Every structure is written in C-alpha cells, then in structure tokens.
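Per-chain numbering from 1; labels A, B, C and D assigned in written order.
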C-alpha cells in the first residue's frame, strides 16, 4: 500500500479564511494509503518545507501532495524539497486550494468539501505516479532580440556585454524606434537623440551583436535553449557591402513626396531613403511600393548616380536560419492616429496633431527644425490646446486602460511650446494627472506654475474648424461643469498607446500569450514581469504595456539578466513531461501496432520509426518511438493512439483516470 | 422544466495547463466568485484529452463536463487545440448516438487573460446542468464502454 | 454613506449604471443646453452618485431634466457609454410621481400633455387642437399667434382633426399605459 | 417597385411639402409608396418623455399594422418617426417588453418589417434612376443638416457616421450640388421645444443657421420636419437672436432632388415655406 504524505497550507489566511483546513487534513488523513496528513500556516516557508522533508524520511513516504497555491507558483519549490529529502521530485503533486478554491468561493461547507475533493484527486493521482528522471538538453548561447528600439538596443547591449552573442532584428531600415523620434525627454528635458544615438552606434559596432535591419521574424521553432529562428531579410535593393552611404542617390531620386514615417507624416522622403540622418545603418533602402522603377519599369536614376554600383534591382527577400537559446521580444508600441477620433474631425483637420507628430515639430531634426508651426499654413500657433486621454480610458472606443505616458509628455509638450513661443497660450484638458515617478510630479507643477500652462479639468466634446481656427468645445468640471470654448490655432491629441501592428501574429508565431489589446502577457503580473509563459522567451519595453523610457530600459536590462542567467548553464534541465511508447517483454515487445497516427498528430516531428527485430535479426514489426529531445509533451499523440500504446509521463491515462474517478466513485 | 434547486451537479473540467488553467488562476487572483461544483483536471493541452475519458466520466456519474483550452491560433503547442476541436466535432455525434445530451458538455476557449470568462463559463455551465437535472442514463454509457473493452484500470 | 433605494431603482428600471461615470465632463462639454441647466449632465451624474436624499431631491426638482432635449450628443460621445437620455426619461417620470416639479417644467409638461391628448382622442396629432389645448393649459394666449395665420394660409394647418378609424385601440393603449401608471401612484 | 410608407402626422399638416415632394420624387423614380392603413401617431417626444410603455405601444401598433398588410419594408421620411420606430423595434427585442406590448395592442407584432429613412430609400432604390433622370442639375452650394434623430443613437440606427455624416452630401453631389464642410451637421435645433420654449429653439437653431450662413450656404438641406419647421417657421424668432438676419431657405432633400429631376415648385410644395425658396 502507498504511503502518501499530505500537507495542507493555510497560506496565512488566504486559504484558511474560507476553507476549514484542519478538517481537510483530518479527512484526508483517513484515506486509504495516506500515511501522514498535517496543516500548517505557510508550507512554502523554511519550517514548512522542513516538515515535508522530515516526514518523507520519518514515514518513508512514497508520494507527497501539497494542498496550497497554484502549482504554477510553487510546484518547483515543493518538488525540490522532496528531492532534498531523497524522494523523486515527480512523486510530488500540488492541489490548487487557493486560486481554484479559497479565493473563488465564500466560506462554507461546500468550499471545504471542494478542497477535500481537490486534495483527494491528487492523492489518487500520486498513487499512480512513477519516479522520473529529468531530461538534460544543451543550451545554445546566443540570443535573438526582436525590435531595435530603446528596449531592444538596451537588451542587446546588456546581453552582448556578458560575452554572449546577440542577433538583433529590426523591421525598419534603421534601429532607434520611437525614442529616436522624440524631441526632449521628461522630466529632465535632455535631447532624446543625444542620449540615444551613441547607443545605436555601439550596437552597430559591438563584436557580439549581429544586426539585421529591414528584417522580420518568419518563424520560430524549438524550445528554451534550442530555438531555430527563420528570419526574412527584406530586399533592400542596395548592396550594403559596397554602399558607402554617400547619399547621392537620395538627392537625385525624383519621387520626393512620400510621407515620412520618421516625421509621423509631417515631412516627406524619397523612394530610396535613409529614415533619418543619424540612422544606423546609415545606408539607404528602396521602398519598392513607391519607386518609379518598380511601379512603372523606368527611372533608375539612383543607379546612374551611384559611383560604386550598389543598386541591386533584382535582389529578392532572403530567409536565413539562426539557432538561438533565448528570445527577447522588444517590439514596442504604436499610437492611434487622429483619424481615430470622429469628434475631433476624423483626422481631416491638418492642425489637429498626435503627440508623436508634435514631437517631430518640437525636434531640432524635424520638418520645421524645432519651430512650432502649423502644418496647414506654417504659421506659429498663438493658442494651442492639448487634449489628454485621447482614446485612452475610453471603453466606448475599445481602450479602457490608461496609456501611462501621456500625462507626462503632454506636460512636456506644453512646456516646450511655452519655451519656444513666449507670447503663446497653452491649455491642457485633462481628467487626472498621473505623475508617479521620480521628479515627475515636480515636473508637472513646473509646467503649471512656472510655465503658466493652463490646466483645465474636463474632456473635450468636439473640435471643429472655422475661419482657420480650431474651435475646441471643452468643459471645466471643477467649476461645476462650466463650458469652455477656445479658438485654437493648433490642437494636440495625446492619443492612446496601442500594441504594435502585427503583434498578435508575432505572438502566435512564438506561442506567447497576449492580452485582449494584443500586448504580450507577462508570466506573472508581479513576480515574473519580464518572463512569458513560454520558457526562454522574455519581454522588454512597451510591447508588454505602454511605458516610458526609464521603465523600458530597466525592463530590458531585466530581460537581459534572465538571458544571461540561462546562458550561464551548459545544460538545461527539462521536465520529463514527454511521451513514451510502451515496451513489453518478448514476444509482445510493444502493444504499438505501427499505425503511426501519432506521427500525423505530432507538431514537433518527434515520432520516429523503430524496427523491432527478433533474436535472429528478422523484422517483427515497425513500431513508434519518441525522440525525447524533440517531444514537448503536449500529449496529442496519446489521444490519437488507438491501441493505447503511447502515453505521456506525468499525465498518463492511469493517473488522469485515477484523478477523475476519485471524484465520482463515492 | 422541472425545478432542480436542490440538485448540486458534479461537473469535471478538463483544461489545458497554458491557457485555461492559468485563466482560472487569474480568476482566483482577481477574487471573482463562482460555483463550487466544478473541479479541474489539469492536462498539458486539450489535444491530450481523450474523449473516451469523458465518456468514462459520464459512465461513473458525472452530470456535466467542461473542456477548455487556448483560443484558436494561440495553442502553446501550435495545433493541439485544433486537433481537440476536430475530435470534439466527430465525438459529438457518438455522444448523441449513445444518449448523452450534448448540452452536458461545454466546449470553450479561455485564455490566460480571461479570468472573468472562466467564472462566467463555470456559472453558466452549472446553471445549464442544473436545469437539465441529474444525469440518469449512465448505465447506457457504461454498457457501451464495457462492450468496447475500454477499461483504464486494466 | 449608503445609497438610497432610488439610485438602485434607477439602475433596475433603466439599466443605467451611474457609478460608471468618472466625471470627465465630455457630456457637459457637448450639451447644447448645459448653460441653461441648474446642473449640467455630468454634475447631475455626480449628485446621483452620492446617493443621498438631499442630492436626489436636487436632481428631481432641477430644470435640467426638463431641458434635456434627448438629442443624445452626450450618449454618442460618452467614453463609458452611459445612457444619460434614458436616465433623463426616468427622472422626469419620477419627478412627476413625487410632484417635485421645477417651474421650467410647466410649459413643457403642458405641451406633452396636450400632444398626447390629441393622439388619444384622434389617433393622430391635431396641430390646431394641440396649440389651443396648450394655450388653455398655460394661459399664454398671445404666444405663437404670429405664425398661425401664415401656417393656415400656406395650407399647413387643418381646422378639423384627422381621425383614425380604430380609435378604440388608442383608448386601450392609453388606458393600459400612461393612465394605468397614474392610478398606480394614488 | 413597391414599398410601405408611413408619413406620420407632421407630413399631413405642418410639413405637407415634405409629403408632397416625397410622393412626387417617388413617382418620378417609379417607386410605388403603399401607405400603412389606419396608421396612428408615433407618440414623438411627448410619449417617451412621459411614459415608456406608451412610447413603445404607439410605434408598435404602426409596425403591427404594416405587418398585417404584408409590408416587409417601410420608408419613414420623418426623422423623428423613423427614430421612434427603430428604437421601439430595438427595445421590443426584449421578450418581456414585447409580450407586454402585444398584450396592450391585442395585435400580433413580430418586428419583422425593415424600417428605412428617406435617404436610405433614395440610396438603395433611387440612385441609378436619379443619375439617369437629372434634367436640371442642382447647381447650388448648400449645407446638409442631419439633426439628431437620423444618426443617434448610432448603436441602434447604425446609419451613417455619427459625427460628420455623409449620406445626404453624397446625394446632393450626385445631383450636381456642392456641399459645405461645416460644424453643425448633427447639433440639435431645439426639436420638440418649438411651442413650449421657442426662446431656446431660436437660440439653438440660430447657432446652426449662423454657421451655415458664415460659410456661404445658399440653402440648408434637411430630412426632418421638426428641424425644417424650427429653422423655417421660427425664422422670425431666430433672426432676433442673430447679428445679421438670414434669409437662407431650408428645403428637404426630396425637394432638392425633385428640382434636379425637373419637377415644378408647385409639385414639390416649395410655395409653402415661410422663407422664400428661389433655387
């Protein structure tokens, strides 16, 4: 008979407040095969673990069930404790009494009875558990970083500086991301490009970093320590090994009116272009959608201009494969455009801008060289209105969350405007001012008190154009709802930060979770903010949720440390949750009949054919065999097997069956 | 419809580890309340779920079953949930044939971010099964399984 | 501070959740008559949120609920999708029930009543009758006399009402709805 | 082609010219309008300001009558009636409310008739015909005024976009006109306060008229009798609120289209306006 030890945790009061833990321990103690059952305030604490270790030795336990929090939280903790006491760790299971019971039910008889059932299920399961050995796999010590904004740059540099190789993939022709578009940064007002460009250059020159710009991830296969990434290098149409970056082709390109992405649509660029003067790499690509040659088959002026013959018209996209051990996702965010706002003119008014467009106006490298001028007529706006929460905190528009960065950048915008237009009047319509951060509140106060920005608490109902002015219909809710109408020359919307386009598809390629707004999901909201649910894939920056530069940089360094920690091992220990095909004594050898349904079901090509031969070497039959290095343990093969010959360790038919039956057989 | 206010149905949820189990964890972290009738059995993936096990559950007296995993395209293992869905479609007709009301099986997708969806799924299923009443025809299923020689204990 | 039952009544009758309002003021900013109101819409929401008897009385006896034109600009733009016009309908009914009527409501109610009388009797709106009946209700005999003759001359005013055949159905509909509600409250 | 027709009370009285122009244009476009038998008033603002069940029962009777007549599609030119019928149809999707109303009416009601406004009628069944039959292009610069009831609540009506709608503008452009981008397309004119609070109507309608005048509109185009009568019949009161009195006429979309199709001022009821129409 089994000798199972059961340990019920109070979790402080998290479990014991609604579940009668003593009764659980008492009733389970009376179950057949249970040798020892206790309850304790904190099973995960040092004394709690010591109870388990001592009980394993004292009672010679051959199985342990801990009734506590979610196994996703503490399964490794308790398995380690068992291993330390000499019990095979895979003979330890957890019953989820907190997330699945005490936190979701009121204190009642039923709640305690459910808790008893949950523990019982695992006791029955553990009786069928078999000792397993963990699987060791090698680690490829090279990281893939996706996205070359400040998050990707920081993560790449930090990993590279620990001595490991990094592949950095950027979708655009240059790294730099949104930070390169910003004018000055809050709360210090230092120039964004001045602090960013040195890091961009460092990335380009770092011996451990291989940079692929104008490239996208095509697919990712494998698992932690052993990923295989296919990367699409989009055709740049320019040979970078010969191109000197002289820029003559750009001067001569006749297609000059393409809205510049870097200038958020406020300036123009050519068809062969470098996104901005400080780009890394500082070499052009041809935008084939807009190029005369690709559109109409004639032009080639750039080719004639190029002294070194670098134009490659027939270049095609190339797909390369890189083997990496870890992935850092740093794909950033995007902002909603002005066309998202019916009440502010559906984007049809030229002088209604997004915050990002205002950054370009305020930036010395922008289309107006840092002067604040109206896109419509080039005039300096004397009255300007900033509208905070444009689209954010707006469930009607499908964005209920706070975009977090807008309060601060709006204060910065108003401040920059007042510094540049001394006789100007600026008004900020806001709902709340969220300025949590070092020196942030002080920064906002400075805007209000020293730079005389007029802060009005209320949302703007509509904006319309009349006689070259923008009529802003707002309200001052602090005056009991007094309507405020401003005839403005320019309106800046602090538009909501949203997930970058394509993030959903990317998440699906990588099998990481994402939230309803397509931001990537962290593994735990508090304790695992840079991990994803998929081992070996980490998050950095605004692809997880809108965040500002310091937070992004901190998170990127955090992700880099996780990667470095992973790379500090030569081998990884993997859970032995893999499929196995049964092997029996001759003359049966296996119940597998060799139908290979499992092979068709397997997403990892982990099923191999094995010839079973008799003593005389003659072929008895073909049978399936699982390559444990490739198997990821999904178990789809098990459901497909008609002869019940394949099973998955840790979730065998026998174990699952025992679990279910424990609920029903009374 | 008869009133079954005293009837507490026994419902077993077969869920995947990556999406729905984590989603149900989130329900807990968010302290959303739901009925106590449902007990979760954790699987690596809905692709692992053998529908004969569901039959076995009914044969042994379950009143209802929930199967829930990742949304289409979001499977941790690429395609396990698709296999499960395809198998479920085939399996439905078998159930029908054997006299199991398919309304007793709730097939759903709950992601790791959908804590409130899990609470709703549980509460709705409990209400539905309670309205259907206790499952009484289990002997039919038991006989069928015996005939097919499906016996896990062996 | 507990909520009076009246606020939860509002929710159960109309489905409008006043607690969803986070006082952004967008409704007020776009309301065409906010400046005429004792309390503009967002302020009204706040009064309701407090749930206190004095504040609820303020709401019911204000002119705001009567001046609301149900143009639905507020609902169209509300980030929380709060159906303020529906709430106004309910508050007007409550104000009549509790007889907490702001003086501004008098001509408006008189007009509505005259309008409904006309329909009840004939099934259709009898504009001439409406105007006459309204004048008797408000004792405002001089108002509107300026346009009536021109209307008549332009063929826009019938001297006699148009009547539908099935006028009994009108009696029944009125009897079972609005008149029924009145007797309920006695 | 045949289609159900609910004129509503205004169209038989103060807005006769709307009725006349709708009928004339429909005839010119070979659309046969079949009036709902023994129709009643929709209850307008008065009913829903005073009693919810009444406000649902009156429109429900109209639609029940249409169903009885086998009318699967009903055009409702009056924006206020259109709004009441659509909203009622939506509210009565709720089973409790529906059975209560059926109980009051003592008539079957399914809510199966499709309710459309006049712009939808012209868009769906008239566009090609109109283009083919233009004899005198409507070469005027006008401001299309939609008011509240055609576009809100968007979640129920699902007609055009809620701010800056376009369907009427498209129609005017189709018959050779120019339309203004202006700011008061969907601001309220004062609606049902015409009699009870003429002062407020004068103020609100004045704002609308002023913006259109400032931008050089030759006429306002409307599809709602309430808006028309406030802006037209109340012009005397409106002009008292304006610095510069305005004599911009206010005509129905059907009148504008009728003119383009070569129909006479008489047929379109253009003589019935308070503000003289010379277009």
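Keep in mind that, in the parts below, a residue touches a chain if its C-beta (ideal position, glycine included) is under 8 Å from a C-beta of that chain, and two chains touch if they have at least 3 such contacts.
Computed from a predicted model, the values in this text were never measured in an experiment.
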item: Between A-C and A-D, the pair joined by more C-beta contacts; value: A-C
item: CA centroid of chain A to CA centroid of chain C, Å; value: 52
item: Chain B: positions in contact with at least two other chains; value: none
item: Contacts with two or more other chains, residues of chain C listed in rising order; value: 73
item: Set of chain A residues in contact with two or more other chains; value: 343, 462
item: Pairs of chains in contact (touch as defined earlier), listed by label; value: A-B, A-C, A-D, C-D
item: Complex contact set, residues of chain C against chain D; value: 32-33, 36, 67, 69-73, 75-76, 89, 92-93, 96, 107-108, 110-113, 115-116, 118-119, 123-125, 127, 130-131, 134, 143-144, 146-147, 150-151, 154-158, 162, 164-166, 169-170, 172-174, 176-178, 181
item: Sites on chain D touched by chain A in the complex; value: 161-164, 181, 183, 211, 214-215
item: Chain C-facing residues of chain D, complex; value: 9-10, 12-16, 38-41, 43-54, 57-58, 61, 104-106, 148, 152-154, 162-163, 186-188, 190-193, 195-198, 200, 204, 207, 233-234, 236, 271-274
item: Residues of chain B defined as touching chain A within the complex; value: 8, 10, 12, 18-19, 21-22, 24-25, 27-29, 31-34, 36, 39-45, 47-51, 53, 56-57, 60-62, 73-80, 83-84, 87, 111-113, 119, 152-153
item: Residue ranges of chain A in contact with chain C within the complex; value: 343, 389, 393-397, 431, 457-462, 473-477, 480-481, 483-484
